[in-house]
Amino acid sequence: MEAYPPQKTALILVDPFNDFLSEGGKLWAYTRETVEGIALVKNMKALIGSARENKVQIIYAPHHHTTKGDYMNWKFLSPSHAGSKNTTLFEKGSWGAQFHPELVAQEGDLIAQNHWTGSGFANTDLDFLLRMHGIEYVILAGMRANTCIDSTARYAVELGYHVTLIKDGIAAFTWEEIRATTETNFPNYGHAILSTEEFTRIIKT
Amino acid sequence: MEAYPPQKTALILVDPFNDFLSEGGKLWAYTRETVEGIALVKNMKALIGSARENKVQIIYAPHHHTTKGDYMNWKFLSPSHAGSKNTTLFEKGSWGAQFHPELVAQEGDLIAQNHWTGSGFANTDLDFLLRMHGIEYVILAGMRANTCIDSTARYAVELGYHVTLIKDGIAAFTWEEIRATTETNFPNYGHAILSTEEFTRIIKT
Amino acid sequence: MEAYPPQKTALILVDPFNDFLSEGGKLWAYTRETVEGIALVKNMKALIGSARENKVQIIYAPHHHTTKGDYMNWKFLSPSHAGSKNTTLFEKGSWGAQFHPELVAQEGDLIAQNHWTGSGFANTDLDFLLRMHGIEYVILAGMRANTCIDSTARYAVELGYHVTLIKDGIAAFTWEEIRATTETNFPNYGHAILSTEEFTRIIKT
Amino acid sequence: MEAYPPQKTALILVDPFNDFLSEGGKLWAYTRETVEGIALVKNMKALIGSARENKVQIIYAPHHHTTKGDYMNWKFLSPSHAGSKNTTLFEKGSWGAQFHPELVAQEGDLIAQNHWTGSGFANTDLDFLLRMHGIEYVILAGMRANTCIDSTARYAVELGYHVTLIKDGIAAFTWEEIRATTETNFPNYGHAILSTEEFTRIIKT
């Protein structure tokens, strides 16, 4: 099994927003089934605690916070953009755009620029920040399995990182979306799939 | 339905190699079921003919042609890299690395640099060539649905293109892989899904 | 002479901060000579007015706003990073990090994510925002000629844009730095060099 | 003075083609003055020898090899593209597109994909290859100081590398172009400037 040198490893937390993870969030009706079913917040909290304890860099990769004027005069909108626009998803300044209260950033954590679509790397400084901190191994957790998580993982491989997916550290709208990521797609290109328990055990050694 | 201005549209053909598409190819045992089942070569040929007839730019996005020394001294290999290395996939100079005889390039077609992993855009000049030819709409066909096609489509959206997937213009190792792309993933971020017949009809008008 | 279709053209304003352009700014002692000598603020104001009048998209490409914790634990600092750190350049929330009062953004203008080093495109959403607004021609003005302006121009060409430099719309620490950009470097790779007066005349026609 | 861990360091050789560096080359009339004046081939040879001896990875970053059909139907050409087209610079298959006979690649060296414009990183796999070999420090030598070398150096910094310029390992069309790079521009963003002699001494220790 792969050893993760803590000083070269980062835990990337993708979109841990209230709109995704908390009762009352704009997408809660869609995400509740798998977020609760997989105990996502509990697992992400365990990952964060383990990372902090072992000096693994934590970095947030947050989606764009929508404001009213966004997407005006765009040539065309992808379904992802149209959905964000129509629901003012993760609305700037709103509770829904805050990180879940049990998953908030602390001093020493990094927060990358907000991404507009799926990949936390695309059109942001996520890669640059990781490089400047000497990171070679990335651990992925957060939302949503087959969109932002899958895209961020694909980019990470193309950028030369060693990429690990936490299989019970991600959720989605349906169990099928999670399976598409963990069983059908990621094993073709990603380097390792671990459970939260496995990662927290391995990183200690 | 979207209109495609032909001079702003490109048909991207991903990895139409003999190793994927022809009897005797190194992956034929895995791809035959869906390649034949979906009539991939016939459909790609129809797409290419239609593109040529309507002055739609054709561009190939080919995977790296493997040679013996490749992947030596790499820090770590993704499963995709390990697979290419172990089978000397699309071996440089071999028949398996040639485009399927019914899908070969003609004068005026473009061929992007070879990609190392999944996305035809990552670490290649595919984006640059499309820009220099004024392309804003890309149509995706080829192999393999949930790896290179899905990755190339995700990158295209992040790069600002309008992205159309030809649902019977892609194949994979299993029908489930195709469904993961066409039903579970692409509809979240891509702009349009069309059949070969639909595209060839729309582009004429 | 090149015609600039207004709806495909953007004016990119690089780092028009008080720290660069205003008396009392942290770098004013270094920039005053050329900023005043070339009448930079007056010219940028004319460019902005002309862009607004002719429906040319304005987009700001601002440098990172420095905060205390920045650059901690970085593997190594480039002179640009070290300088920003040591002077807390464009300090977050400070007057120095505000745009010059005569060059402020208005509704409809775009503001790209902040860049960490030289190029306004590197590790930001500048390219993506330009794409989504259909921009193919970029006009460059701002600070500092041989660092951010030259880098942003080089990236723009590599990304497939038509790139115009406003020769009296940029300043630096010395006249030699400006000449290195306008006479020695840019003519090798950029598409056009115009004066403010030439641009404002051409864009009207 | 910076120490360079050999296994994390790469020597990037930019465009060491006969057309640039050899009598009879298409640009020899322009480059002879500084190539001979700075003893470029001798210095690059010393750098290569030193790199090989100390297990520093050598990687070539070659410009596009021009063929007749190139640049057809491009939206617009930068002066760099127009020049390559008009002179069929580094013509594919020609002597001029071969590396200078004293600077040829050996087994174990890497050759990145060809770049279309200035930066060896733009639209190529140079970054990816460096990452997969664990490179964090890049040493730059080759042609031409204020175009490809300066662009490649700027990209390297934005990508998170430690960047060293060999001041007598580059040449150009004029001494002023070299000074623009070594004195006016690079010191603002690059990490170190060394002579060939200094680098070959430091890397041994």
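Letters A, B, C and D mark the chains in the order given here, with residues in each chain numbered from 1 onward.
One rule holds in what follows: contacts are C-beta pairs under 8 Å (C-beta built on N, C-alpha and C of every residue); 3 or more make two chains touch, one makes a residue touch a chain.
Owing to the predicted nature of the structure, the values given are computational and were not obtained by experimental measurement.
Engineer: Specify, for the interface formed by the sequence copies chain A and chain B, whether it is same or different in terms of residue numbers shared by both sides, with half as the dividing line.
Structural biologist: Chain A and chain B contact each other through largely matching residue numbers.
Engineer: Averaging over Cα atoms per chain, report the distance between chain A and chain B in Å.
Structural biologist: 28
Engineer: Need the CA-centroid distance for the pair chain B / chain D, whole Å please.
Structural biologist: Between these chains, centre-to-centre, one finds 33 Å.
Engineer: Of all residues in chain B, which are in touch with two or more distinct other chains?
Structural biologist: Residues 75, 116, 122-123, 127-128, 131-132, 158, 160 of chain B each touch two or more of the other chains.
Engineer: Which word fits the touch map of the chains here: line, ring, star, complete or other?
Structural biologist: Contact pattern: complete, every chain touching every other.
Engineer: Give the list of chain D residues in touch with chain A in this complex.
Structural biologist: Those residues of chain D that touch chain A are 127-128, 131-132, 158-161.
Engineer: What residues on chain D touch chain C, complex-wise?
Structural biologist: Chain D residues touching chain C: 75-76, 78-80, 116-119, 122-123, 136, 146-147, 150-151, 154-155, 157-158, 160, 162-163, 176-177, 180, 184-185, 187-191.
Engineer: Across the complex, what residues on chain A touch chain C?
Structural biologist: It comes out as residues 69, 73-75, 107, 113-114, 116, 122-125, 127-128, 131-134.
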